[in-house]
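Reading through the structure tokens given below for one structure.
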Amino acid sequence: MSDATLQKGTTARFRSATEESPLARRALIGVAFIGLAILVFAPLIAVFAEALADGVSAALRSLANPDALDAIRLTLTIAAISVPLNAAFGIAAAWFITKFDFRGKAFLITLIDLPFSVSPVVAGLCIVLMFGTNSLIGGWLVAQGFPIVFAMPGIILATLFVTFPFVARELIPVMIEQGRAEEEAALTLGASGWRTFWTVTLPNIRWALLYGVLLCNARAMGEFGAVSVVSGKIRGQTATMPTTIEMLYQEYLSVAAFSLAAVLALLALLTLLLKTALEIRHADQLAATHRH
Amino acid sequence: MGRPLIHRSPMPGLGLSMGITLTMLSLVVLLPIGALLLKGANYGLEGIWETVNRERVWAALFLSFRLSLLAALFNLVFGVLLAWVLVRYRFAGRRILDAAIDLPFALPTAVAGIALTALYAPNGTFGHIAASIGWKIAYTQWGIFIALVFVGLPFVARTVQPVVEEIEREVEEASATLGASRLHTLRHVILPMLAPAALTGFALALARAVGEYGSVIFIAGNIPLVTEIAPLLIIIQLEEFNYDAAAAIGIAMLLISFAMLLAINLIQIWSRRRIGHV
Amino acid sequence: MHIEIDEISKQFGVTAALHPVSLSIPSGALVALLGPSGSGKTTLLRILGGLEFPTSGRVLFDGQDATGLTVQERRAGFVFQSYALFRHMTVFDNIAYGLNARPRASRPTKAEISRRVTKLLELIQLPEVGGRFPSQLSGGQRQRVALARALAIEPRMLLLDEPFGALDAKVRKELRQGLRDIHDETGLTTVFVTHDQEEAMELADLVVVMSMGRIEQVGKPQDIRARPATDFVRDFVTA
């Protein structure tokens, strides 16, 4: 009996060769918690605290303001147009890259990733230079009554630019891993190209697609830098939620600015929640880097 | 020579997928970037140099780059720590921390910008504490640093996490059986294994920070020569319809981005060559 | 060094990996722990090396209780099944690792380390690979480098986990003889784990047959063949 207790005492002293001491472990976990509390949780809480500074009804009232409602409507419209376009591009690009062998594939992937390393402001500038009234194409389009810059098409182009790689880079690794055998099998069984895509490929990539669409949507609704440059921020016409937040904030309408910000913050939280749920439930069908 | 441009394949949809890919890529990304480069070419190297070679522009470029570097360095250390803690330890709240790392990706930059300003302004929660020891954060370079740390936070942690997961226990055990202390193992075995991924994440965080606009402008104060970042200069030139100058600064920033993209690719090639797979 | 295992048991949660087992390994012996997967042989080896700790029982090295020694203090040369070479270091740095990891006071000089590594590379008959990285070696070469790395710390014993498991048949035969030669040259007490009865019988002085966390029989190869103690041993060694 005394032997058993003695043994228990000694085992507690033993530490696995691949672990840090409990003290070091606790210290590292503590630093992680404190660091994220200051850097991430505090700003998040600040958004809601500032929005509710004058109470819930004041916050809701500021959201019912026509400018705010117009901004929400515009942002939803932008997302509803640009996200499906981006998804269609992502699927096409992933199909082209993973189902065919061609020269310059690595270069093509680099080009698709390019928007991630370009400043959103520079992206907006590029679109203004391409389609602005001073440019060849832009001038002609304006003459036809179809302006791009300072109008909806420009905002959509800017949004597409900054979200460009999102869906494609989620799908490419997953489709490389899955190979071509299933599609080849479907084709030998007589399925048409479309049928193969809808019944074989799409079910295999749907969770990765949803993952990419989620991230793309969050960015599309929240883009600020590129949209600032191309939109002209005309109230009720081309002011999206983020640019309206800026205008309200600069007019010292703090509650109104933070109420609108809180709506976007809720969207961000929802995105993270869905994303984490996907990582837990469908890890095997996501790109390897998202599997925890 | 003999290698065909596109290999024959039984897969359907070559024309359609290639068509959509190349059309969208050209229309959305390549043509606009081309328009910027063309504008620069018309303006001429001398013109670009004249625009960029002004104290205010140099100050902004230097400020953006220097603070981005510092923020990325902070994220390098903190990101490796986060990746290690989240993969290796089991504790209450781990999932929440793991999800929270991605908040800077999901939260719109303008929202982050005004939230950080509210916190660090002299009358804000943290700004108030800092002010009591005479430390001004918002509307100084400290404020920009904090905003850039926020936007770059996920990069290193997310690139290092899968590498930590892949480390075989046996490698760490081997080090211990050879007499190495845990600290020696961490320094000489584990950190070198994480280094390539950490460097990639560092470069991504740096690239993101150099171009960042939304989260910075609210907290920066935007005082020329002191807290004015390079992207803001472009906006100012555009508001004055000074397209040539805006394009010149844009090209300077684009070149910095390309240089960093090249660096990321070189790091990856180097680490693949060196470490390979055992 | 003489190793004494005294009533060692190991629980992983509710499952018993080892029921109390006892075993005496004479100094300088070459011993095989033979058994199917799940028999507890690798757990026993890892307990000897200090990588696992027993739930109860003691380990004695030359009569002294070593149960509480940390893995670093044990000085057991351990060769892992996957070899666990450090892929970011050259072969030379892999072998020198244990010497460089010593505290400054007991660390040999650079020249001395270099001399010892060169000697070990000769011992494993790979004098020219010092500058290469592990990814540039064949499987058999990696195994020998792992062996040299374990020998570099002047271990008190040599422990090998399925040392030939990842190799093809031809290389396996060659390296068996290599291990035998190194054992005879260094005189180290050597314990290796295997599931291959032919390998155990051919190489070891003493074979320990294990099953379900228990030792079924201990004996010289020819004795086990001639007089299997249990049905399990008979089935396993004649398989």
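Chains: A, B and C, in written order; residue numbering restarts at 1 for each.
The rule is simple: a residue touches a chain if its C-beta (ideal position, glycine included) is under 8 Å from a C-beta of that chain, and two chains touch if they have at least 3 such contacts.
This is a predicted model, so every value here is computed, not measured.
Legend note: the chain whose CA centroid lies nearest the centroid of all displayed protein CA atoms is B. Between the interfaces B-C and A-B, more contacting C-beta pairs are found at A-B. Centre to centre, using the average C-alpha position, subunit A and subunit C are separated by 51 Å. Subunit B and subunit C, compared by their mean Cα positions, are separated by 47 Å. Averaging Cα coordinates per chain places subunit A and subunit B 15 Å apart. Among the residues of subunit B, those in touch with two or more other chains are 173, 176-177. Each of residues 50-51, 71 in subunit C touches at least two other chains.
Within subunit A, residues 17 each touch two or more of the remaining chains.
Listing the residues of subunit A that touch subunit C in their complex gives 3-4, 7, 10-11, 13-17. If you check the complex, the residues on subunit B that touch subunit A are 3, 5-7, 9-14, 16-21, 24-25, 28-36, 39, 78, 81-82, 84-87, 89, 91, 93, 95, 97-112, 114-116, 118-119, 124-126, 146, 149-150, 153, 158-159, 161-162, 165, 169, 172-173, 176-177, 182, 204, 207-208, 210-214, 218, 231-232, 234-235, 238, 243, 246-247, 250, 253-254, 257-258, 260-261, 265. Interface residues of subunit B, counted against subunit C in their complex, comprise 168, 170-171, 173-181, 184, 188-189, 192-193, 274-278.
Within the complex, the subunit C residues that touch subunit B are 49-51, 71-72, 74-78, 80-89, 97-98, 100-102, 133-136, 142, 149-150, 152-153.
Only residues 50-51, 53, 55-56, 67-68, 70-71 of subunit C touch subunit A when the two sit together in their complex.
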